[in-house]
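Next come two complexes built around chain A: one with chain B, the other with chain C.
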Partner chain A sequence: MADEKQALVEKIIKDVHIVLSNTAELYAFDIVPVETNFRNKSPVMCIENCLGLESWCVKQVYLHSYTVLMDKMCFKTQRKSRQVLDSETLLRLLNVTLLINPDLSVLWNKRREMVQELLLDKSSELKFTRLVLSRKPKCNDAFAHRRWILGTYLNSHQINTMESLINTELSVCDLTADKCPNNYHSWSHRLWFINKLRNSIKQDDMHTLYIKEYNFSERWMSKHVSDFSCFHYRQFCIKNTYNLSNLSWKTFENSLDINFRKVLLCLLVNNFPKDMIIQASEQDLVSYSEENLIQFLLSYNNSCSCNVDSVSLCRKFEILCYELTLNSELLRFYKHHESMWYHRRFILHEIIEMMYDHFGLFRHNGVLVRKSCKYCKTTDLRQKQAKIIRSHGDCLYKSVLFQVIIKHEKSFIQERNDDNHAVRHEKYLKLIQGLNNLM
Partner chain B sequence: MVKVYGLVVLYKGVTSATILKAAYDLQSFSFFQRSSVQEFMTFVSKTIVERTHQASRQSVKEGEYMVQVYVRADNLAGVLISDHEYPNRVAHTLITKLLDDFSAKVPVAIWQTGDETTIDFPVLPQYLAKYQNPKEADALTKIQNDLDETKIILHDTIKAVLERGEKLDDLVEKSNSLSMHSKAFYKTARKTNSCCNF
Partner chain C sequence: MSFKTKDVVLSQTRPTTLLLQKHADYLASYGLNKDDFEYCMTEYLRMSGIYWSLTAMELMDQSSRMPKDDIIEFISLCQDSESGGISASNGHDPHMLYTLSAVQVLAMYDRSDAINIDGVVKFVVSLQQDDGSFFGDKWGEVDTRFSFCAVMTLSLLHRLDAINVNRAVDFVLSCMNFDGGFGSKPGSESHAGLIYCCVGTLSICKRMDALKVDELAWWLCERQLPSGGLNGRPEKLPDLCYSWWVMASLSMLNRIHWVDQEKLEQYILACQDSETGGFSDRPGDITDPFHTLFGLAGLSLLGNSSIKQVNPTYCMPQETIDRLRLEPQILLI
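Coming up: the complex of A and B.
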């Protein structure tokens, strides 16, 4: 009886192996719930490039392959292996065991050894991990294995099919993120991959990729409103767009069907503080150059005469203001989702930090203090006179942009006051961002 | 995730409900589960419609899914199966619109006797695709911004919808419309509590 069972299990393992090696385009694996073997048929199914294993045999197959692996492969050193498995059998067992239970780091390490000994092909490893992820989209070991393979790939600079590599990798991330909401591993893998590519492809291509990812994350974000992993990736994409070259910026603006400048101006015009006499109308503002606009928004005489890069500063504000309006829209439509409020915190934090940076301020013991100019290192003498510390903050608080942002947030919180998160958002701005007396 | 998995139009008869037309989006399920998932959506739609009164709306939460149902006074019923993030109000507006369109195209006379093969209403899959983006869909139906006075009744679990003494497990076991395969699938899902598969 025992022999019969073992023969059956080995037959199943062999069948799985045949499917794995014969079907090149396998894209999914799953265990199919079938309680008993009432058809006396092989439990291995392969339909439309999907591999299925009937559930009744899983226990036996797993037990068998796991014990054989653990016993005979001298994972446990004290047990001197009497019989060394040949690489073919080893691979079969590894495949089956990892498909059923992919959270076994030991076995993944064995695979790595085999890759190094050239017993396993790197591209087939990528296919195999993809198959594993199709069933367990949150399996970190599989992602780590992919990272290891990709790392050796990218370092060797020997691939001429970079584009298809990028596409496959991103599609694996799409797939896993879609299968399982809040899939941290998938998004951090995507982030790692983009960062890794920086050293491997040309800067222009990298910028094109940044733009593509920015647009992708916007689409994804508007459909997965409570997935903070994806919001975090979005923040990464936003930061990447800060450093686009002039040429890429043009392509970037064209790739979106919105006008960044218009969004920024619209936000400004609708939120000008009442007590302020503003001469500029929207029409006037359109004609402003970046330099004039920054001067208008953050007018301030620096104590040193360093030049500010108004163009890039202006772009950053445009991106962030667009993100703010996008976030407001989403919050109006999908109510009571915490992660969108957290994303809003990020946006405001970025805007405020940028203003601090512009005015050369930093927060010290809850008070805004001026630091030395980061370009020419002039230290403001007044810094040492504690009495006028307040005045440093004032130049920020008086600037048009700051007042506009505060007013915008106030009215938004008011509008959404039935949402508990809005109250918490107000608290965050007051207590964490230190705007207590200003809101 | 904001996603619609299925749209079903049914007729609520005296004893049971019949499916008039259905469309499903099963891409996000694993290949081997798709047929079972579809059977279950049909099964759940029927079960819930049978337990919803005429001229009322219900939103039923079950696991990670949300079943939105509206039965009109003339016994025509619409079911939209989505996830939690799909806004309830939008879902109900869409069902109303769908049923209006359906009754405009398909004559009342055949509702009672018709089934999926005899009824000609080929646009349902298009609706399903369009409704995937609730924002766009909402813009299309802006006119109906305030839903008619019928209140949406919210239920936290399907148990609340079932009549006293009924159990979902028993209903599944007794059902003729579910295959052996789907019943096995249901049992495994129950056992492993499929919503957390980490």
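Coming up: the complex of A and C.
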């Protein structure tokens, strides 16, 4: 009886192996709930490139393969001695055991050793982890295994099909993010991957990728309004656009079919404070250079004579104002979603932080502090600091951009007062962003 | 489309008092009548399982019901002589996570002599990188969890000086986000569990001054849902383990009073199983030692007098931390 059982288990492991090695593009794996072996057929199925294992056999298969691996591979006794199993049998057992329980780091480690010994090839490892993730989209060990494989690829520059590698990786992230909302590991992996590519591909290609990911995150965010992980990734994409070259910026605007400047100006003219005398019409503003526009928005001359990169600063404000507008639209459409309100905090925090930075200030635990200029490294005398902070702070709070943003937020909070998060948002701005006496 | 907050509703018939003896019985018999399959499925985290159960038993003052000698022998067996690191179980590979669990267990038993301490120190030191971060093991995965494991392990052994503490702190701070929270790597999303790890690291390294306290505490308090339970990220369901991660972080920030403690206590108590004993993630789910520890530890932070005082940084009984003369930093208001 015991022999019969063992033979059956070994047959199942072999069947899984056959499917794994004969199906080039396996799409998914899952355990199919079938309580008993009533059909007396193999519990291994392969339908439309998907591998299934009937649940009745899972315990037996797992206990067998796990025990054999832990005993015969000499994991338990002498670590140093070579395994008694040949690499083919070993791989079969590793595959089936990890498909059932992908949290077994010790087995992933074994696979990495086999890759180092050239007993396993890297591209098949990427396929295998994808299969594991199709069933367990939050499995960090599988993502970590991919990071290890990708790390060895990218560090050695042995890639000649970079584009397909990038597409595959992003599609694995799409798949796992789609299967499981708020999938921390998936989004974290995506972010890691993009950062990792920085050292491996040309700057132009990197900028193209930033644009692609920015556009992707916009689509995703509009369809998954309660998935903050995606909003967090969006924030990463936004920050990446800050560094686009002039040429990429043009491509960027064209790809979105959006005139960022227009969005910014529209937000401005609709929210000019009543008590402020504005000596520029929308028409005038359209013709402004970036330098003039920044001068108009912030009317401030840096005390040290260092040049401000007006073009870059202007673009940042444009991106952020576009994001603010987009966020407002989403909030009008979908109510009561904390994620979108949290994203709004980020947008406002970025805008305000940039203004502080422009005025040579930053906030630390609720207190304004003077920053030494990062270009000329001037530092003020300690006595003068308090005075400078006060006067620069005043200039900032009186600036057109600050006034516009405050007015815009106040009216938006009022408009959305049936959403309990609007009240929270106001409190956050006042108490945490330090705008208590300013709005 | 539902406009409701993702949350649970506590039923009228939920437990409302602490079933201490049930939990002690549950943990004492856990793993005794072990189903082989379950046992094999979870062997990869056995060492942490022992830490969860023992700490919970210590907090209930019933640790004498745990098989002390067997546990100590098991830990000795799990130390890898080559790297010095400790694995989750015999035959598994050494890792920072299980090295910490083992050291915590031995600290509670006051039996650090059962392992080669220099080996553990060597292991932790070998995993620190130039940027101050830590690998979890030789395969190179970086995570702020491992930074916390590293500093906690070494501080329990009074060997914190073996690593570059300043760089370790700098790396953790490089994972801070605009909302004051922390993620697993630089740029990763804020997550209550990882916030606990990062705040804990700063507490042990006495660098709590580097936190954006108001932003962080605000974010942490917003984790409380109408049911009283806490989630770990925006728009996620409540989970009992966040009662620990959020509340321990708030304790280190000295702002535990910013949440509704009464409602949280009700939620924690509702996660007990009055039949089997133990706590689960949400009311009505299956209990496990992990949630049982964090339920009890959470109640301890809320001042429940039938549970021993827990230390918010180490998640160990305060008396152990006092005996070791450790003084993790708590922020003064």
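Definition applied: the second predicted complex is superposed on the first by the 414 of 439 C-alpha atoms of A that agree within 3 Å, B and C clash if a C-alpha of one lies under 4 Å from a C-alpha of the other, contacts with A are read in each partner's own complex, and residues count from 1 in each chain.
By our rule, a contact is a pair of C-beta atoms (placed from the backbone, for glycine too) under 8 Å apart; a residue touches a chain by one contact, two chains touch by 3 or more.
In this text the structure is predicted, and so the values were computed from the model without any measurement.
Q: For A:70, is the partner it touches chain B (first), chain C (second), both, or none of the two (neither)?
A: A:70 sits against chain C, while chain B stays out of touch.
Q: One more residue to check, A:148. First (chain B), second (chain C), both or neither?
A: Only chain C; A:148 stays clear of chain B.
Q: Touch check for A:333: first (chain B), second (chain C), both, or neither?
A: It touches chain B, and chain C stays clear.
Q: Looking at the overlay, does A:290 come into contact with chain B only (first), chain C only (second), both, or neither?
A: Neither: A:290 stays clear of chain B and chain C.
Q: Report for A:431: first if it touches chain B alone, second if chain C alone, otherwise both or neither.
A: Touch partner of A:431: chain C, not chain B.
Q: Going by the contact rule set out at the top, does A:222 touch chain B (first), chain C (second), both, or neither?
A: The first partner, chain B, only.
Q: Chain A residues in contact: does chain B have more, or chain C?
A: If we count touched residues of chain A for both partners, the winner is C.
Q: Thinking of the overlay built on chain A, is A:174 touched by chain B (first), by chain C (second), by both, or by neither?
A: The answer is neither, since A:174 touches no partner chain.
Q: Both chain B and chain C touch chain A; at which residues?
A: Dual-contact residues (chain A): 226-227, 334-335, 337.
Q: Touching residues of chain B toward chain A in the complex: what are they?
A: 1-3, 28, 30-33, 85, 87, 132-135, 138, 181, 184-185, 187-188, 197-198
Q: Can you list the residues on chain C that touch chain A in the complex?
A: 1, 3-6, 36-37, 40-41, 44-45, 80, 82, 87, 90-93, 95, 137, 139-141, 178-179, 183-185, 187-191, 212-215, 218, 222, 233-236
Q: Please give the residue numbers of chain A that touch chain B in the complex, ascending.
A: These residues of chain A touch chain B: 28, 30, 32-35, 45, 47-48, 50, 52, 55, 134-136, 138, 178-181, 222-227, 333-335, 337.
Q: Under the stated contact criterion, what part of chain A meets chain C in this complex?
A: Where chain A meets chain C, its residues are 59, 62-63, 66-67, 70, 75-76, 79, 101, 103-106, 109, 112, 144, 147-148, 151, 182, 184, 187-188, 191-192, 195, 226-229, 232, 236, 334-339, 342, 345-346, 349-350, 353, 365-366, 424, 428, 431-432.
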